[in-house]
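Pasting the structures here.
One chain, chain A, appears in both complexes that follow, with chain B as partner in the first and chain C in the second.
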Partner chain A sequence: MRFNPLFLKKTIILSSFFAIFSICSPNAKANSEGVDSAKHAAEHTEQVAEGHEDAHGKEGEFNATETIMEHISDSHDWHLWGDKSFGLPVILKTDAGLVHFNSEEFHHDNEGSHVVEANGQRFVRFENKVYYASETANEKGQYLAFVGEHPTNGKPLDFSITKNVASMFLSAILLLLIFTSIASSYKNREGKAPKGFQSLLEPIIVFVRDEIARPNIGHRYVGYMPFLLTIFFFIWINNLIGLVPIFPGGANLTGNIAVTFTLGVISFLVVSFSGNKYYWKHIFAPDVPWWLYPIMLIVEIIGVLSKPFALIVRLFANITAGHIIVLSLISLIFIFKTMAIAPVSIGFVLFMYVLELLVAFLQAFIFTMLTALFIGTAVEEHHHYD
Partner chain B sequence: MELVTPSIGLVFWTTLTFVLLIMLLSKFAWKPIVAALNDREKSIEDALNAAEKAKEELSRLNVESDKLIKAARVERDKMLKEAKTLSDSLIHEAKVQAHAEGAKMIAKAHHEINNQKLAALAEVKNQVGALSIQIAEKILRKKFADAKEQEALVTELLKDVKLN
Partner chain C sequence: MSTQFPQKEKKPNESLRNYAKYSGMGFQMIVIIGFFAWAGVKLDDWLATATPWFTILGCLIGVGAAMYNIVRQLK
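Coming up: the complex of A and B.
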């Protein structure tokens, strides 16, 4: 294998660094998978109940977990500052066809108590999910029927242009603008030295070609260049946009499991469709005694599936962890309710931001690098020990 | 759990955006950019190769001119040497000839001188003879001015002559 073990090592170090950081931070802890979901749910009920009991009494109470979760998860509105936000299109695939309306019609309600009527159907939003509204409200004013903590109401398929989708469109437009303008400057200045923006991005394009595509895939790299370049710049620009704290940025796109899942699946499909007969033979008919086949087949299939799974989880965890750390550090100010902690907080956040800039590049690089490596093993000519 | 549950909408939009992005960027950006980069790299490589070739050519020419200069120098040395030997031999020959000529002239002069000497001596002899005769004549004339003396002498001479 022509893989550089240094990068794996780096990833492991970084990941463990994040893991330690997440464990140390009391706020982030609640977000980790290992947390008792019942406890989390109980907390939430309390908040909801509190919110309804006295809407103004305990509003100032700061809940770091809720704030952080709100920032790193997707939403139908794009929150700007304070209580300012603007609505995005909600598109629902219901049993009776497509329904769309502006998310402002929910009036920032996220607890299922405001019904939106569209196309003769009634919808409520609860914890960022859209449900078909019940006929009548329950004792908390929610048009939902609950079993335990989860609503039992039906859900339409939600194809809304959420904050993440809007952010992704923005990144796609940016990528198109940047790279078509660069392409035209290549045409206008044919054979000349690069200039301006072109010379900024050219080394990175050359880096993807010479350090990622060529060494991992070999002479067949040319056909994979568009895919690798797109995935590299898509992940990188979205990582960077995610780090911008003010309006067009801030969406935790590459830290969303749906996005990394899609990218991982696309990478898996590309690898699988490029696989030659040696690759498939190695998986379905490895060179082992026949009675080992039941085990080997399972092992090989797990091996094939674990590759995209690792890609999905690595990107998701790294970016989400970065966002959680930054938000946790900022939350310290509000938890301690003193300005004295602010310099410490800001100092750490600054440090984390610089680190996150590195991680933004590194994760894009690793995703592309591993994809190229997997493609390389799939298109590799026969190299067996027999 | 919500954090790690992919939502269908986002999966849909991501797939759509990403696939469109790949198609658009490949057509309008990556193809021209990668092609331009490859072309430029090729042209740079070609230029470098050409420069290398020119350098080689130049050094080859240098070697050649050096060789020519060396050959010319050798030729010149040879010519100089030849000219020197030629002139030396000419001078030598001339000297020898001059010697021979000189010797011949000297010999001729010697001969002439001898001849002249002999001629002069003969002249002197003749002169001396004539002068002697004149002197003798004069003496005789003087001695035989009176008849007695003549008589005496004839008598004396006649005395010596014995008639046989």
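Coming up: the complex of A and C.
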């Protein structure tokens, strides 16, 4: 029964790969077919929209891969709907000190053709990265110099409050509000039955304690409870916020490899610092024949590093796969350009959404449980493999 | 909160824990083979060998070490 969602998840990841492929291939065909019409359209827009200029060039042409990638990746703007979006602060550490401006000044340009001047320096944005602008534009109107696909211009260090960062601030505030209110209600109503929001979350907190911490860590679980509860609720809340399609949600935070990497590193550090002598002896002096020792030492060290790596990739892949599937299913309507496909699409999306609600919880649970399991092996007194 | 803990062994949790353990072992296997193969390729690049002996050796050692590691953990 418990296994079901796990196998289902495997299927989902697999099918998401197929979904990407199946979207890519008809799209590539459509592109080659649509070259003429695209050219035509480009000429048309050039003539008509002089005030409009950049962006919105290929209207009518739908590129599913581009749309999906745009939705699941981080961005300097927070897109709301249609053409509506609002700017977030761009903070750059340049050679000449900190520079900041609102990301609306890029005018939605992501091709490197709109120069923003700030503090006497010139910047362009290309594929979500900020570069120092070149003096003059190239033949495509980009203020960038290219070698192959990649610009050779220098990049300032980007400390911008991007969509993901802003979303994380929101969820941090939300978590603080929820848990300070619950903490105070525990204090006020000590010894009494839980009430209101407290009674909603108490079973979950007790679940983390009784199902995750105690069975895996053993009698020393109390010290790790704050950490385990924090990662559990952080991942869960952010997974859920990521599922909300409009404003406060919509950022793919837990499907961002940098975020999951940070979570993985934190859990690695906690495991490493709580490791006792049995744990370290097992790694640096494994019980093997002496001639195998050099190889097994490497193997053990790889084993230690591969555990948090598996955590990082698992969370990242699961959440990103979920987002890609939902977006792919919706994209089908625009790829086939017919309303007839809409009921099927919407039906599948609703099904996926329900499944994603489960996955949001499951991934938070698995991340926390594996961390607890690793802590458990690190603090175990009489070491043996079970 | 109450001080009583449920003493009964949870079956579903056990299966999930097994999933965690064995998927972790599989992952470890991939990384170990990958690391040794990569080291072999790098060594061949560095020494500019005509036949990629170190790549071959690295792959074999990687597979052997991964197998040995799995058997050791399952014992």
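One rule holds in what follows: the second predicted complex is superposed on the first by the 325 of 386 C-alpha atoms of A that agree within 3 Å, B and C clash if a C-alpha of one lies under 4 Å from a C-alpha of the other, contacts with A are read in each partner's own complex, and residues count from 1 in each chain.
By our rule, contacts are C-beta pairs under 8 Å (C-beta built on N, C-alpha and C of every residue); 3 or more make two chains touch, one makes a residue touch a chain.
Note that the coordinates shown come from a computational prediction; the quantities given were computed from them, not determined experimentally.
**Student:** Figure out whether A:340 sits in contact with chain B (first) or chain C (second), or with both, or with neither.
**Tutor:** After superposition on chain A, A:340 lies in contact with neither partner.
**Student:** Does chain B (first) or chain C (second) touch A:299, or do both, or does neither?
**Tutor:** second
**Student:** Would you check which partner chain A:147 touches, where first means chain B only, second means chain C only, and both and neither mean what they say?
**Tutor:** It touches nothing on chain B or chain C.
**Student:** On the superposed three-chain arrangement, identify whether chain B or chain C touches more chain A residues.
**Tutor:** Answer, by number of touched residues of chain A: B.
**Student:** Name the contact category of A:206: first (chain B only), second (chain C only), both, or neither.
**Tutor:** The answer is both, since A:206 touches chain B and chain C.
**Student:** Just to be sure I read the superposition right, which of the two partners does A:214 touch: chain B = first, chain C = second, or both, or neither?
**Tutor:** A:214: touches chain C, not chain B.
**Student:** Taking the superposition as given, does A:246 touch the first partner, chain B, the second, chain C, both, or neither?
**Tutor:** A:246 sits against neither chain B nor chain C.
**Student:** Quick one: classify A:370 as touching chain B (first), chain C (second), both or neither.
**Tutor:** second
**Student:** Share the list of chain A residues that count as touching for chain B in one structure and for chain C in the other.
**Tutor:** Residues common to the chain A contacts of chain C and of chain B are 202, 206, listed in rising order.
**Student:** Where on chain C does chain A make contact in their complex?
**Tutor:** By the definition above, chain C touches chain A via 1, 5-6, 10, 12-13, 15-17, 19-21, 23-24, 27-28, 31-32, 35, 61, 65-66, 68-69, 72-73, 75.
**Student:** Which of the residues in chain B come into contact with chain A in the complex?
**Tutor:** Of all residues in chain B, those touching chain A are 1-15, 17-22, 24-26, 28-34, 36-37, 39-40, 43.
**Student:** Contact residues on chain A for chain B in the complex?
**Tutor:** Touch list, chain A to chain B: 31, 33, 37, 69, 72-74, 91, 127, 157-162, 164-165, 168-169, 172, 175-176, 179-180, 182-183, 186-187, 190-191, 202, 205-206, 209, 222, 225-227, 229-230, 234, 256-259, 261-263, 266, 316, 320.
**Student:** Which bits of chain A are touching chain C when the two form their complex?
**Tutor:** 1-3, 6, 202, 206, 210-211, 214-216, 288, 292, 295-296, 298-299, 302-303, 305-307, 309-310, 366, 369-370, 373, 385
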